[in-house]
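You will see subunit A twice below: alongside subunit B first, and alongside subunit C after that.
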Partner chain A sequence: MTQVLLNALVVGTTYALIALGITIIFSIMKVVNFAHGQLYMIGGFVVYYFNVVFGLPFWFGLLMSFLIVGALGVVMELFLFRPVMLRVKREEVTMLLAMGTAVFLESLALIVFGEKQRGVPPIATGIFELFGARLPTGRVVVIFIAAALIIALMAFIGYTKTGRALRAMAQDREATALQGVNLKWLSAMGFGLGTGLAGLAGGLLVAIFAVHTGAGTAVSIKAFLMIMIGGAGVLSGAILGGFVLGVLESVGYALLPGSMTFLVIFLIVIGFLIVRPNGIMGKPWG
Partner chain B sequence: MAGGSSHSIAKPIALGVLIALGYFIAVPLLSGGSGYVLNVVTTMAAVSFISFGVWLTFAIGRINLAQAGFALIGAYVTAISVAHLGLSFWVALPLSGLVAAIIGGLIGWPVLRLKGVYFAMITLCITEACRLTALSFPGITRGAQGMVDLPLPGDLSLFGLVIIPAFEKGARLPFFYLAGTLMMLGLLFMWLLDTSRVGAVFRSLRQNEDLASSLGINVAKYRVVAFMVACFYAGVGGGFFAALQQNVYPTSFQVIDSVYFMVYCFVGGLEFVIGPLIGALVMMTSFELLHEFQRYQTVIYSGLMILCILLMPNGILSVVRRRSSKAKGANNA
Partner chain C sequence: MLAWNTGSIRRKLMLSVAAGVLTVSGYAQAEETLKLGALGVMSGPFAGWGGVMCQTFKSRAGMWNDDGGVKIGDKTYKIDVVCVDDKADPKGAQTGAEKLISDGIKYIQGPNTDSTAESAKTVMEANKAINMPYAFSKSLYTPPASQSILGMVASYQVGPIIYKWLMDNKGIKKIAFLCENNADPLNQRNEGSAAAKGLGLEVVSDQETYESGTTDFFPVLTKVIGTSPDHIVLSGVNPSDVGPLIKAARELGFTGTMSTETGQDPKAIYEVAGEAANGFIVAGGASTEEIRSDFMVKFIERYTKDWGEWNDVAGLFVYGPEIMVQTLQKAGPAALEDTEAFKAALDGFVGTNPFLKDGGELKYVGRKDYGQPRQVSVPIVVQAVKDGQYEPLFVGALND
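The block that comes next holds the complex of A and B.
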């Protein structure tokens, strides 16, 4: 059981990063980023290229995955989402736009990166033992990096001026603009921060699971499960959702045959949403 | 409006019959026996039939990404009925729609309480859950190997009178006619529904459910009915594809197909019954035209899709309508 919980901790911390990214985008733009999984996948490939192809250290690849995927997010916000949001009749259009972007990124990645599954060499050697459960040291490192990133992000959003501006914008755009905040710059940055987190999560998990170009949709679905469990648009809910999904998944894989795990998780989530339509921490959705 | 309804319905129906006859005669003639063209048109007709269901859920203000999941259910019902139970295809096809509608009703009742992005996300999960269900019960569905070599539709006879002859191996025309008939019946029913009182109730649900319920409309009942009709379309469409391709795999209908069904509705325009058909026509034709770009096909296609949304965020038909209303305004002035 300790083994299962340790595994849950590994995936849970990285899942929390994914969920935080999608939540930041959702809370400031009211857009569900259906391309989140594809951005995660690109993050994984960025680390693979810097680490394996160019032979640079893993941490540098991780930094680049944040910067490159983050920059991609800024471009998406400036040239796709902003112009469309300015002149649509229905909110669904932005969702569709995100889906189109997802298909585009995935097919582009297939051409650029190829079909092969890519991994990086272990980032640390040795086995870590705790209460009889064994965990490769590489995974322990991943837990610590992910946890440090989550804490850094929460500190950034909670205590810096930019973070306060982001939170204010999520609450009320007009009032924020009246306080002299440059919304244009800020929403592009927020979008980039969200996608950058997807890139970071992909870069971190490539050290454990390897990555291939078709991985995106499954990750997006997991991200949706997390924010449905935790509550859309709430940062603490995102972290909670990440951990809950991590535990469900690890327990499921330990007890059930392969494809049953997520089937059961879907049923649990559907059942849960009937009881709590807004997730654990979510506010009522209009 | 109420007084002139018989007139206003007679004209479009006559026009529709003309177009239908033209379609059934002209397309096989124009294709010149090319199996490829006929195949594309057949797929297009069946896909737009499934997309009508998505359009209906849009009409009640829900973003439905479960359509591929219910199409998969329909495909498996048809496959299991004709392969294991020995039922005729002509019984299996409506049965597929019925099973999909019943399952849709059971899932839809609780799930339809969700709105907006929550509904979109949960329906996406339903599509994925359907794929996993097909994978998880290999005893019934043969799992990842899929159900292959399904028999072709046999003949349909009533009191010894053969109405539809058995489909021959390799023949494309019967499937073309079947898909075309489905599409037209589907469109006709959608149009009748949209112009009826029920259609007005559905539109009121999209605008404001609370207001609708304050007027004494049983909101929960109407939205489940709409969702079940949508699932029926998906089930029948899925069953058709099972017969057309003579196989079903868990990957026959996936999340990406749900997305495409939705794209067709959007590209055509959500305010028009015929929108899904126009969207499927434009998008699938352009996809086929991009065929020579080989491995760049999907990139260019999705790029076009994004461009479409950027330039015409309210659909192709909305642009057409704006043009014509502008022209009218000019004439009046």
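The block that comes next holds the complex of A and C.
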């Protein structure tokens, strides 16, 4: 059982990190970014190229995964989402745009990165043993980094001027603009922050898993599931949703036949959303 | 390393652009051109199969074209390969098959999975097009079906051979099966489990599965390893999952042997799983250094030049175009218009295998399993990963 709990901790932490970016974009833009998984995938490849191909330190690659994928997000906001949202108010248009972007990014990645799965050398070696359960050192390092990133993001959103402006924009765009906040800049920055986090998650997790160009769709679906559980647009809800999904998955695999695990998870989520359609946190971000 | 990879990307982009330009300008107006097709999953987690199949066919076609083309009857033809991505979707396979056939193509390599091959089968049979799936469903190859030819060794053919070898050489007694919750891998798991029981092995786990897109395999492997198997079979595992699965199993303390019956690239596995990948057993193609011919070396060079990096799965896929073209040459020009002439040639066809150092024959087998010659006689090469390469464990031949 110790191994199951450790598995839940690792899966939950990684899922929480994945869910943060998508919920930030949803909260400030009201856009469900279905390209989140593809941006996660690109982040993984950025680290692979800097670390394995160019021979630079993993940590530098990780930084670049945030900056490059974040910059890609800014470009997406400026040239794709902003013009469309100015012309059309229907939400499904931005969802379709996000889906189209996902397909485009995945196809482009296949041409540029090729069909092979990629991995990076372990960032730490060795195994911790705890009451008979095994936890590789690399996973411990990743958990701590992920936790540190989550705390840093919460601090940024909660205590900095920009973070407060982002929260204000999520609650009321017009009132925020009346306070003299430059919404155009803030939207681009917020979108870039959300995609940068997706890149950072992909870059970090490539150290313990692997990455391939087809990885994005499943990540997007799970990220969407997490924010539905936690409450769309609620930062702490995304973290909670990630942990809930991680625990459900790990315990489910331990107690049920593998083919039943996600069937049961989806039934639980459907039942839960009938009772609480806004998710666990159930309120607008902020 | 930097120069190699940027070069690789540049080459890929240039090839893509060139392909587009050639398509737009409708090339080969001055020469006889034979259009052949590749239909398979060329995107997503399975791109390591269908994408490589397409690239393999194009590279082999490039070699034929560089040599002046392929002579069939009195005419010499340049080969033009048209690839269609079915995205592992049965509906995509059906429309993809229709698209290729409407383009005048009668000979198609692929699809890559049972569900897509079964879906494409109706189109192939109705339109009398020949296809070469990499799918193991027996109904594809058994009468009244006649248009599909299995392009590789099926899991139910090679699985028992590997398990027997492991029993004799590694002393395994308990075996576990793990697969994705998907039709093809589930079928392969069921067949493998039945074969293992038939050999007297104790199957300690054969009900555990994981969902497509799983990133962390610790949860599902914790349960499998908890049953204390000597050997774990990753049934029908796709190329994107195999490295993380091996790595996770070793990190969880599993010290037994592991194998799969689907084609995999050893370098990619080693890059993800590191030394944990050493000893992983795969039934693969004929590109292992110890057994490859000079011609296979040339093909590897060509593939690497075209696509930037060798993929061992191409060593399996190259058998498809090879026997397809050799059979067309034997069947003659009539087969270009009517696949009945091609099928009539299958029974007695004996070609040459250019890929093995020791040569040998290329022919159609499968009478025992399918009641008619509807399988390419790909050699059974069982190999183990060793530092990013394969070392052969043993080589066998398919029974007819």
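As a convention for this text, the second predicted complex is superposed on the first by the 274 of 286 C-alpha atoms of A that agree within 3 Å, B and C clash if a C-alpha of one lies under 4 Å from a C-alpha of the other, contacts with A are read in each partner's own complex, and residues count from 1 in each chain.
Note that a residue touches a chain if its C-beta (ideal position, glycine included) is under 8 Å from a C-beta of that chain, and two chains touch if they have at least 3 such contacts.
Nothing here was measured: the structure is a model prediction, and the numbers come from that model.
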Here subunit A is shared; do subunit B and subunit C fit on it together or clash? clash
According to the stated criteria, A:53 is in contact with first (subunit B), second (subunit C), both, or neither; which is it? second
Looking at A:257 after the superposition, I want to know if it touches subunit B, subunit C, both of them or none. Which is it: first, second, both, neither? both
With the two complexes superposed on chain A, say which partner A:11 touches: subunit B (first), subunit C (second), both, or neither. second
Of the partners subunit B and subunit C, which touch A:249 in the superposed model: first, second, both, neither? second
So, does A:118 touch the first partner subunit B, the second partner subunit C, both, or neither? second
Which partner does A:107 reach: the first (subunit B), the second (subunit C), both, or neither? both
Name the contact category of A:161: first (subunit B only), second (subunit C only), both, or neither. neither
Between subunit B (first) and subunit C (second), which, if any, makes contact with A:134: first, second, both or neither? second
On the A-aligned overlay, A:99 touches which partner chain: subunit B = first, subunit C = second, or both, or neither? first
Can you tell me which of the listed subunit C stretches (145-153, 181-189, 199-207 or 289-297) runs into subunit B once everything is aligned on A? 181-189
Contact residues of subunit A, present in both the subunit B and the subunit C interface: 107, 110-111, 217, 221, 257, 259, 262
Footprint of subunit C on subunit A - complex, ascending: 3-4, 7, 10-11, 14, 49, 52-55, 106-107, 110-112, 114-119, 121-122, 127, 134, 136, 205, 208-210, 212-215, 217-219, 221-222, 249-250, 252-254, 257-259, 261-262
Show me the residue ranges of subunit C that touch subunit A in the complex, using the header's touch definition. 1-2, 5, 8-9, 12-13, 16, 42-48, 51-52, 181, 207-216, 218-220, 222-223, 239-240, 242-244, 247, 251-253, 265, 267-268, 271-274, 307-309, 311
Tell me, which parts of subunit A touch subunit B in their complex? 26, 32, 80, 83-84, 87-93, 95-97, 99-101, 103-104, 107-108, 110-111, 217, 221, 224-225, 227-228, 232, 257, 259-260, 262-263, 266-267, 269-270, 273-274, 277-278, 285-286
In the complex formed with subunit A, which residues of subunit B make contact? 58, 63, 107, 110-111, 113-118, 120-122, 124-126, 128-129, 132-133, 135-136, 255-256, 259, 262-263, 266, 270, 295-296, 298-299, 301-303, 305-306, 309-310, 313-314
